[in-house]
Structure formats: C-alpha cells, structure tokens
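Here come two complexes built around chain A, the first alongside chain B, the second alongside chain C.
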Partner chain A sequence: MFFHWLEKNPFYFALMISVVISFAGLLEIVPNFAQAARPLSTEKPKTVLELAGKNLYVKDNCIACHSQMIRPFKSETDRYGKYSLSGEYAYDRPFLWGSKRTGPDLHRVGNYRTTDWHENHMRDPKAMVPGSIMPAYKHMFTNVADIESAYAEAVTVKNAFFTPYGPEFKRTRAAWEAHRPKVIADAKKIADDMKDEDVKKAVANGEVPEIVAMIAYLNSLK
Partner chain B sequence: MQSNAALEYDYTVAKLFTYVTILFGFLGMLVGTILALQLAFPELNYLIGEYGTFSRLRPIHTNTVIFGFTVSGVFATWYYFAQRVLKVSMAESRFLMIMGKVHFWVYFIGALIATITLVFGISAGKEYAQYEWWVDIVIVIIWIMWGVNIFGMIGIRREKALYVSIWYYLACFLGIAMLYLFNNMSIPTYFATEGLGSIHHSVSMYSGTNDALVQWWYGHNAVAFGFTVPIVGMIYYFLPKESGQAIYSYKLSLLSFWGLMFVYLWAGSHHLLWSTVPDWMQTMGSAFSIVLILPSWGSAINMLLTMKGEWNQLAENPLIKFMVIASTFYMLSTIEGPIQAIKSVNAIAHFTDWIPGHVHDGVLGWVVFMIMASLFHMTPRMFKREIYSKKLMGIQFWMQTTAVVLYFTSMWIAGITQGMMWRAVDEYGNLVYSFIDTVTVLHPYYVIRGVSGVLYTAGFILFAFNIYKTITAGRKLTEEPQFRTPMA
Partner chain C sequence: MNALTIKALGFAAILIIATIYVVMSMDIDLTDRVNAITMGGAIAIAVITAGVSVKYINQMKTDTATGDLMDDNWDGIGERTNELPSGWAYTFLAVFFWSMWYGLIGYPVDQYSQIGEYNEEVLEHKATYEKKYENASPEVLTSMGKSLYFVQCAPCHGNTGDGLSGKAQDLTKRMSKAQILDVIKNGSNQLKYPMGMMPPGMASGQDAEDIATYIAGGLKGEAPASYAACTSCHGADSKGNAGMSPDLTGYDNTLVSHTLQNGKKGIIGAMPSFKTMITPIQEKALAAYIQSIAQ
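And now, the complex of A and B:
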C-alpha cells in the first residue's frame, strides 16, 4: 500500500508533505497578485514624515488595538466613512489592517480628527474621551523620530518596487541631506498647529519629535 | 534485525529544552496576565514607562508563548520521543549530540535577544512575525539546526517505519519553514541605500492586500503548524504511552493527517473576510474552514476512542485527565473556529474579543495542557524519579481548567456584546452607541479575564514547582515505568 511505503521512505514522505501544503498558497495568493498590487490612480505614496509616523505606528504597535479596514457595512461606513478599497493600500508596507478593535478604526481618521485633537489625545486619552482605556503616549513628545530610516525606506521602495517617488530620492547620503529640510518644513506645519512649546522648539532646531511624525501620519489617513 | 535489549537513551538536550519551556511558559503567561489586567485597569500601562504599554507588551506575550514556550516544548518533546520511536539514542552520534547542544544554546540566547528587540520596539509590524530581518535570519538558522537533528535521527534510525508522531513533527518542520520564509521576505533599507537610517529597519516585499494575504496565510498556518500539528504529534505519542492503549485507528490517523495537511492552508483567508481581498478567496477560506472540522475532529476522536473501555484511568491518573481535557478543548476550539469563519458570523465576531477568546481556549486548553502533560510524562523517565505530588497535579488541573472556562466564557460575552453594539441602530437607522460605549461596557468581562489569567499562571507556577520538586526530591525509581507514570 502506498502509505506504508511512504512511511518507510522519509525523503518522499517529506516531499509529499511539501507538495500537499503548497497548493493553497499557490492557488490563493499567486493568481491575483499583480492585480492586488495596483494602486488607485489617485493614491500618492506617503511623504518621508508620514512614513516616519507609520514606522512609529509599527514601533508602538498601534495595530494591537486599532484596525485600518472599514468593512462594507452601513454600520461601519456611518461610523468611519467610505469602505476601504484594495487600491488604497497598494503602497502600504507592511499592511496595517489590524485584527482587533479595542479602539476604533483609523483608516480615515484624518477626515475627522485634527492635529490639535491628536496632541491632546496622545498626551492624555481620558481628557478627550472619558472612559478611554488607551494608554497615554507621553514619550512621543520627547523621543526623536527616525526620519532618516523613513527616507531610506522611500528610496528602497522606489528602487525595488517602482513606488512613484520623485527623482530627488536617491541612495546617497548627499541626497538625504538635500531632502532633510523638506521633512523639517513638513514637520513645522504640524508643529505650528500644536501647543507644546518644547515640540515647537525641537522642530525649530531641526529635530522631529515622534509626536509630530505620528500626527502627520494620522492626518494622512483619509 | 534489531536487538531487543533496551537502548540507553540520552536526554541531555531534552532536559535543557524542558527547563526553558517552563521558563518561557511562565514569562509568556505573566506578560499575558499583565495585558489582561491593563485592559481592565489602564493605570497598569505605566509600570515601566514607554516599554510597558499594552501595545508594546503584546508582541512580547504572543512571541514568547509561540516561539518561546510552544516551540521549546516541541523541541523538548522531539529530543525525548524521537529517540524512542526511531529506536536510536542521541548518544550514538557524536555529531547529532553536539549539534543538539548547539541548537539549544543558539535557540536560548537567540530567544532572549529577540525578546529584547521587541522591548525596544524593533518590529517589522506583522502580527506574530514582528521580528526584524536579522532576527529572522537567526530564527531560520535555529530551525535548520532542528532539521539537521530530525533528518539525522531519521537517517540513522533502526525502526524503519515512521510513527504517526514523526509525521506530524516533520510536517511542523516543513510547514513552518515554508511559511516563515515567505512571510518575512523583506529588504533591509540600510543596505539598499548608502547606509542610511537604522540597520534594523526593513520593508516588506509585499504591499497592501497582497501583504495581508501572505501574512494571514502565514498567521493562520503558523497556528496550524505550530499549535496544532506538533501538539497532535505529542498526543499520538504520549497518550498511548501513558495509558497503555494502542491508538484506536490507523486509518483515521492517516485520514486526519493528510486531511489536515491539505485543508489547513486554504483556511488562512478567513482572517480577511469582508476585507478588500477578492470574494472568491474569502469564500474559499470560509468553505475550507468548515471542511477543516473533519481532520481536526478525526484526530480528537481517535484519541478519545483510544481510551475506550479504559475510562477508569481518567479518575485514577491526573495525566490522562490533562490529555483528555486537552483533546476536548481541541474539539471545542476547532468547531468554534469554523463557526467564526462563516461570513455572517464573522461580520459580528471579527475585530472583537471573541477572537482572542477563541485563540485562548485553543492555546490554554489544548496546547499548554498537552505540553504540560508531556513534560509530566517525560520528567520521571528522564530523571528516574517519581512525580513529587499527585495532589498538586489535581489542584493545578482544576485551577487551570476553571481559568480557561472563565477566559472563553467572558470573552464570548464580551465579543458578541461588542459586535452587536457596533451595529445597533435606532428606529431612524442611526447608530445607537458611540465607540467608547462599546469599550466601557466590557469592563466586567476584562476583570473576569484578568482573574482567569492570574489563576492560570498560578496553576502554571504549581506545575513548575511540581516538576522542580520531582527533579530534586522525587522518590528515586529503580527502573523506567512502562506505562502509567508513578506519582506520590
């Protein structure tokens, strides 16, 4: 009998397992791959500041409690806005849909929350939402965001996956130094809408506190 | 022909992995309990500054339980039972012995470093795959070292036919290898540029919907090949060894094994129901999840029928009790999962606490119970001592069983409450509840879950204590017990 033979031949046994378990991935993921990679024509890749914010979203693991996936139900579109489309995510690496809503969905949070709201909320969630169980993220006001890694990421995805970043995005340190003032300028726009004097001072000195990048990212979610 | 003289097996590596299984089990559960309590009492988020928030701690809990506790439990049991069913001692091969020890130390030190990276938020962002690219490389090396032992031991085996448990461990090795490699494909940005930014940072090779598909193909099947496959392998070995009963049906084993291999992988997309993944993939995930009941229950029923006519052992031997309740929770969990994978149920259940509830009746009730039972069975044989206290085992059993029941019942209620409140509309069709209403209402259930965590972890401490006392103070055995594990 075939299975008795197989049990005595570990190599073929292992081969058989590999074949049997490979089916699903090949048939479910591969056929749609190219199509699912296509962005909406209106979709723009994130700026370096927003990318730095996205990396903080990852670092502080916001997906533990927040989704970015509005499902096509009236109760969800009423609460969060238009349901999500595949093409909106085409530049997201990694995807940040999340799997749990201990807090609300954030996919279009940029449409209905402001810089000012986020500043107060991140410092003390209970002050903005009585009864909130979200922790305060005070350290974001003092920690400095890693905008250089964000730039490196933009360059990497441009070169490897043809993400449409401009010609000024190059692998060199000189290109980064040239781009840096642009990031600081973006940061200043956010900081101008904030109240925290230390944050404003830091940005004026050419540093980007984490909270600024974070808010830039949250505002970009629309 | 092989001689009938009993082989002298070498348990050096199995012992080492047993210790870290217990260590990581405790740490994982401790952090898990803190997380549970943080949701009930948010002030607990500020115990260690920015490193102690719920969001930062959660990957430490999940990864410690998966890659710390479960994987070392898989390694510990492998280094124990593989020798016995393949009829060859580790001591017979100097190479395999050295590799085994190296495997352990690289794993242990690697696991500690990996945990530290998570504390500092060095994360690739995907659930259960947070480790950054260089940690992934270390993990791959550790995995290959295990592969060397698997194929090395199989290569020098005396028993030619591979026992069912070996099938499952082999599948665990191959499955995790495939999933882990593909899901963690990423480009380190530091090396893709002129050394810009952090050396840790990388970017996923897949984006958006594709990334989600690959991730849940991985995420779901890491559960399959980490939390199901090797654990089924364990029960196939340890239940017959403990009860003295032969497995009820070979054909059922065969059907369940190949069924599980083929069906499980398809079900990954049930994590993405109602998302932007194409409909046909969602339906496929849903349908295969239902089919998955067959091979899952096939194994569980095979185990229960193995005990046919021997149910008195359930009353007499706490170890049998652990294994039988483990297969029962496995049945519960594998019927609950498919129910949640039905699209209309999923519309309510997804994003709610019912999902962690489901995960935990599987992991606490099935995986942890089965690993503890295996270690209880192994320890007297590895150390030639009687189990220190049968009474303590009984207390532990009821503490932990109560804890699991509290966990999933509270999370069922919490999840369904939340799911229903999110969609509740008044007579004019307007949403009734603001989001925060659906959070504050869960407080009592979060408290119950916190209590459950404390109870379960306390039970695990009893387990660790019992094992420790067995090793140091258990009555010495002159010869290895054949079936039922002796206990004082």
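And now, the complex of A and C:
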C-alpha cells in the first residue's frame, strides 16, 4: 500500500530517496569524523590567558588574513613546519582554520617567533617586515584583556564538552578569584620577556593588557 | 569510401588539428608524461568519435531486423525473439563477477592517502636534493643561503642582516660590547658546544671592560692581558678551537649550526630553535650567506 502511494507522490518519493542515501552517507562519514576529531594525546586545552588571546584573535578578526592550517605539501611544511592534524583542533571552539592567506599561516607560529618579536611587530609591523601591509595594533598595548570571560569560557567548555580542565575550574566567583593569580603569573612570564614598561607596570598591578594575552596565545600555537 | 566517411575523416582531422594548435599556443610541455597522455587521449577521442559515428550511420542505412516478432506488443511496438548477442552477454557476466569481486574484496582500501603522497614527495626531494648539493660550490651555497635567509631569517634579522636597529642580532657584526659583558658576567651554555658551560664571572671590572672592547672592536691590535682567560677555551686565534667552542671572530659554520639547532636567549631577546625547519646542507648555506654579508 505504502509503495503505491509513494510511487504516485514524486515529492515524498524524492524525500525518501534522500533519506536512504543520507543514511548510507552517515554510516560512512560519522565514525571516521568522530575518530579523526579526537584530540591528540599531546594536546592540552588552552590556559585562561591563552583563551583570552584567542578571543582577541577572533575580535580583531585576524582570521581575515591569517590561516591556521598547514597543508601536507612540501612547499608549506618547508616554511611553516609540520602539516596540521585534525586532532590538534579538538579543543578549539571555534576552530580558526581560516581560508585566506593575505598574511602567513600562524598554526605553528609559536615555534619560530618569540615574545619580543611579536611585541615589536604588533606595535609597528613595517619596522620588522618592510613590505608588510599588516596594520599596527597599538591599542593592544593599552586595552585590558577580558580574562574573566576567558575563565567563564573555560568552565563552560569543561561542563558542556568535557574539555579536560582541572577540578579547580568551577562556576563560582570564589573559584575564579582563586584562579586569577595563576593567570597573572602566566601574564608576568610573558611581560618579563617584553620591553614595554607600561605593560610590565600594568601586569604588576594585576591587569592583563591585550598584547600579553595575544602573545600568550600566539606562543601557544605550536 | 563514401561521402560520409570522407566528411567524418575531415571532421576528425579538424579536431586533431585544433587540439594540436591549442597545445602549441599554450606552450604545454609534451615531454611531461601526464600532458602526453592527455594529448594522446584527446586525439584518440577525435578518431574514435568519427570512426564509430561512420560505422553506425552506415549500418543504419542498410540494416534490417531479423527473427520472429513476439506476440505481445505495447502500443504497436514489439520485440523480436532473438537470442542475446553473445558478446554482450559474456561482457555482462564478466562485469557482474568483476563488480562483485571489486566491491567485496578488491577495492583498494588505504591505497592512497594525502599524507602518504606528501611523504613520498618529501623523500624524493630529499634524495635528489642531497645528491645535487652534496659538494656544492661556495657560490651555490651562498645563493641558496640568501633565498633561505629571506624566508626564515629576514623577518627578525632584517633584509640586510642588521638586526633592525637592535631588535635582533646584527649579523653584519659579531657581538656588541654590551652582549659580551653580559656573557662574561652570566656565563653561557645555550649553544651546547662540546667544550660545555662557560662559567659566569671569568673576568670582572676593568678586565671585563677591556676584553669586551677588544672583541667588539673586531680583535684588532694588541690583546689585553686579561684576554688570556678567553683563549684557553676559544683558541689562541679566537676561532673556537676547531668547533669546540664559539668562534669570536665571525659566524663560522659551527656557530650558525649550533644557533639554529638550539636557539638562543640573550639581552636583545630570544631566538627560537630552527631544528625541524633547516637541514644540515641548508645550515651550511646560511652560514655561507651570513659570512658573505659580514663587514
């Protein structure tokens, strides 16, 4: 009965065909995808300071000009290092592959650039790379990074996606206050390698300028 | 040969000539295997199209159907009760069995991967590269070093190697006085030379000043008496005892290689290790180029 009805209704017939074919597709795609999207065993979730930097990366739209995806071609690995694996993005929410390379790829920039280079470059890209068309990001030296939201993000992805943050990541103000000195300590490590006195002073006062979070994030890209 | 055959041959000839014309005007390299196969394929398609069309159009003019008509017919269109053509039937059976085998057993699972192709590309390149540049002349090394320098080194050390007015090591000179004083004061073992750690405080006060001035000045003139503390490890000629310790006069091959391998952190800032990015031949090339830009 059902087939007679189906044969006379082309729309529902087409719909059923798509369901059947999609089901086969699901069986092939989903298990492979689930396997490849598992985090690499060496992969650690980003620290709160690095997460704050990642949020700045999103906010200032670095992805418009920079990719984070090294393809397995010799020409790319010669310049940027080892090709990217999908497991490396497992804790990235959202992942920041990008699809446009006006500037270079940044997926392993932490391997071949240092804190002081980023400091000079963010203030005046042309001073480091004469032909560069990257704009200067001077505001990052004075704006303060939102580390509290970054902590909230860490707690959220821990609860929602089981990202392996430690048991001290809790949804209470006390937990955040207890974690805050750790973030400042991470920031101080970065600021120690920097030359800007105002940035050093701000970190000593318990504030994290955006540039520090940004550099922490860029250094974590390895 | 009838008129149709001649027309078809003419058509095929035009297709072939057009293909060759396009290939010539696009400057395609026919010694490349893939290009040659594509070209051969294009010509074969032109010939086969013409040939098959001629055969069947001719056949349609003379062919008549044979065999008895079946009793059933659909709107006046009937079938004849002929046997299947044997060629068609055997081909059908062969394809049937082949597709069963291919689908269930023979499908090349894991025969291709992007990473596999990448690995092959890298291995192949490595083999030819190392053979080609095994005994490269100094000029070849310098020019290779120059192009490498612009990709990997220039972003920090600047296009001219001057270190972008103090933002990185000035590669046209060896060391500044401040850097030498810092190393004498704090010692160093960052470059992992066979000689091992240089202990802190080998000299101090005026002695250290004298040594720093002497080395920063390019080791010209009379060495200060306190310089004897340095020569015991860095060699009487200050060239580093044949690779046992850093060369103080310039950037010799071992200094460039050790720095690229280990990275270095000094008073200017930090340089990361380029261990995974630079091969031994490239290290030599970079050393050759850096030596060529020294003042």
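FYI, the second predicted complex is superposed on the first by the 187 of 222 C-alpha atoms of A that agree within 3 Å, B and C clash if a C-alpha of one lies under 4 Å from a C-alpha of the other, contacts with A are read in each partner's own complex, and residues count from 1 in each chain.
The working rule: a contact is a pair of C-beta atoms (placed from the backbone, for glycine too) under 8 Å apart; a residue touches a chain by one contact, two chains touch by 3 or more.
Predicted model, so just to flag it, every value in this text is computed and none were measured.
K.L.:
Would you check which partner chain A:P72 touches, where first means chain B only, second means chain C only, and both and neither mean what they say?
P.N.:
In the superposition, A:P72 contacts both chain B and chain C.
K.L.:
Examine A:D193 and indicate which partner it touches, taking first as chain B and second as chain C; both and neither are also allowed.
P.N.:
Only chain C is touched by A:D193; chain B is not.
K.L.:
Please work out whether A:N120 is in contact with chain B alone, chain C alone, both, or neither, and reply first, second, both or neither.
P.N.:
Once the two structures are laid over each other on A, A:N120 reaches chain C alone.
K.L.:
Tell me which partner A:P130 touches in the superposition: chain B (first), chain C (second), both or neither.
P.N.:
both
K.L.:
For chain A, which side has the bigger count of touched residues, chain B or chain C?
P.N.:
B
K.L.:
For A:Y112 in the superposed arrangement: first (chain B), second (chain C), both or neither?
P.N.:
Once the two structures are laid over each other on A, A:Y112 reaches chain C alone.
K.L.:
Mind working out whether A:G25 is in touch with chain B, chain C, both or neither, as first, second, both or neither?
P.N.:
first
K.L.:
Contact-wise, after the overlay, does A:D92 reach chain B, chain C, both or neither (first, second, both, neither)?
P.N.:
first
K.L.:
For A:G81, is the partner it touches chain B (first), chain C (second), both, or none of the two (neither)?
P.N.:
second
K.L.:
Could you tell me which stretches of chain A are touched by chain B in one complex and by chain C in the other?
P.N.:
Overlap of chain B and chain C footprints on chain A: residues 72-74, 78-79, 129-130.
K.L.:
Going by the contact rule set out above, which residues of chain B touch chain A in the complex?
P.N.:
Chain B reaches chain A through residues 38-39, 42, 45-46, 49-50, 53-56, 58-59, 121-127, 130, 151, 154, 160-162, 167, 170-171, 174-175, 178, 182, 187, 189-190, 192-198, 201, 203-215, 217, 254, 258, 261-262, 264-266, 268-269, 271, 274-278, 281, 284-285, 288, 347, 350-353, 355-356, 422-425, 429-431, 435-436, 439-440.
K.L.:
Show me the residue ranges of chain A that touch chain C in the complex, using the header's touch definition.
P.N.:
72-74, 77-79, 81-83, 111-117, 120, 127-130, 193
K.L.:
Residues of chain A touching chain B in their complex?
P.N.:
The touching residues are 3-4, 7-8, 10, 13-14, 17-18, 20-25, 28-29, 32-33, 36-37, 55, 58-65, 67, 69, 71-76, 78-79, 84-86, 88-104, 129-137, 139, 143, 146, 148-153, 155-157, 159-161, 171-173, 176.
K.L.:
Taking the complex as given, what residues does chain C use to touch chain A?
P.N.:
For chain C paired with chain A, touching residues are 114-115, 117-118, 121-122, 125, 151-152, 154-156, 159, 164, 167-168, 268-272, 274, 276-277.
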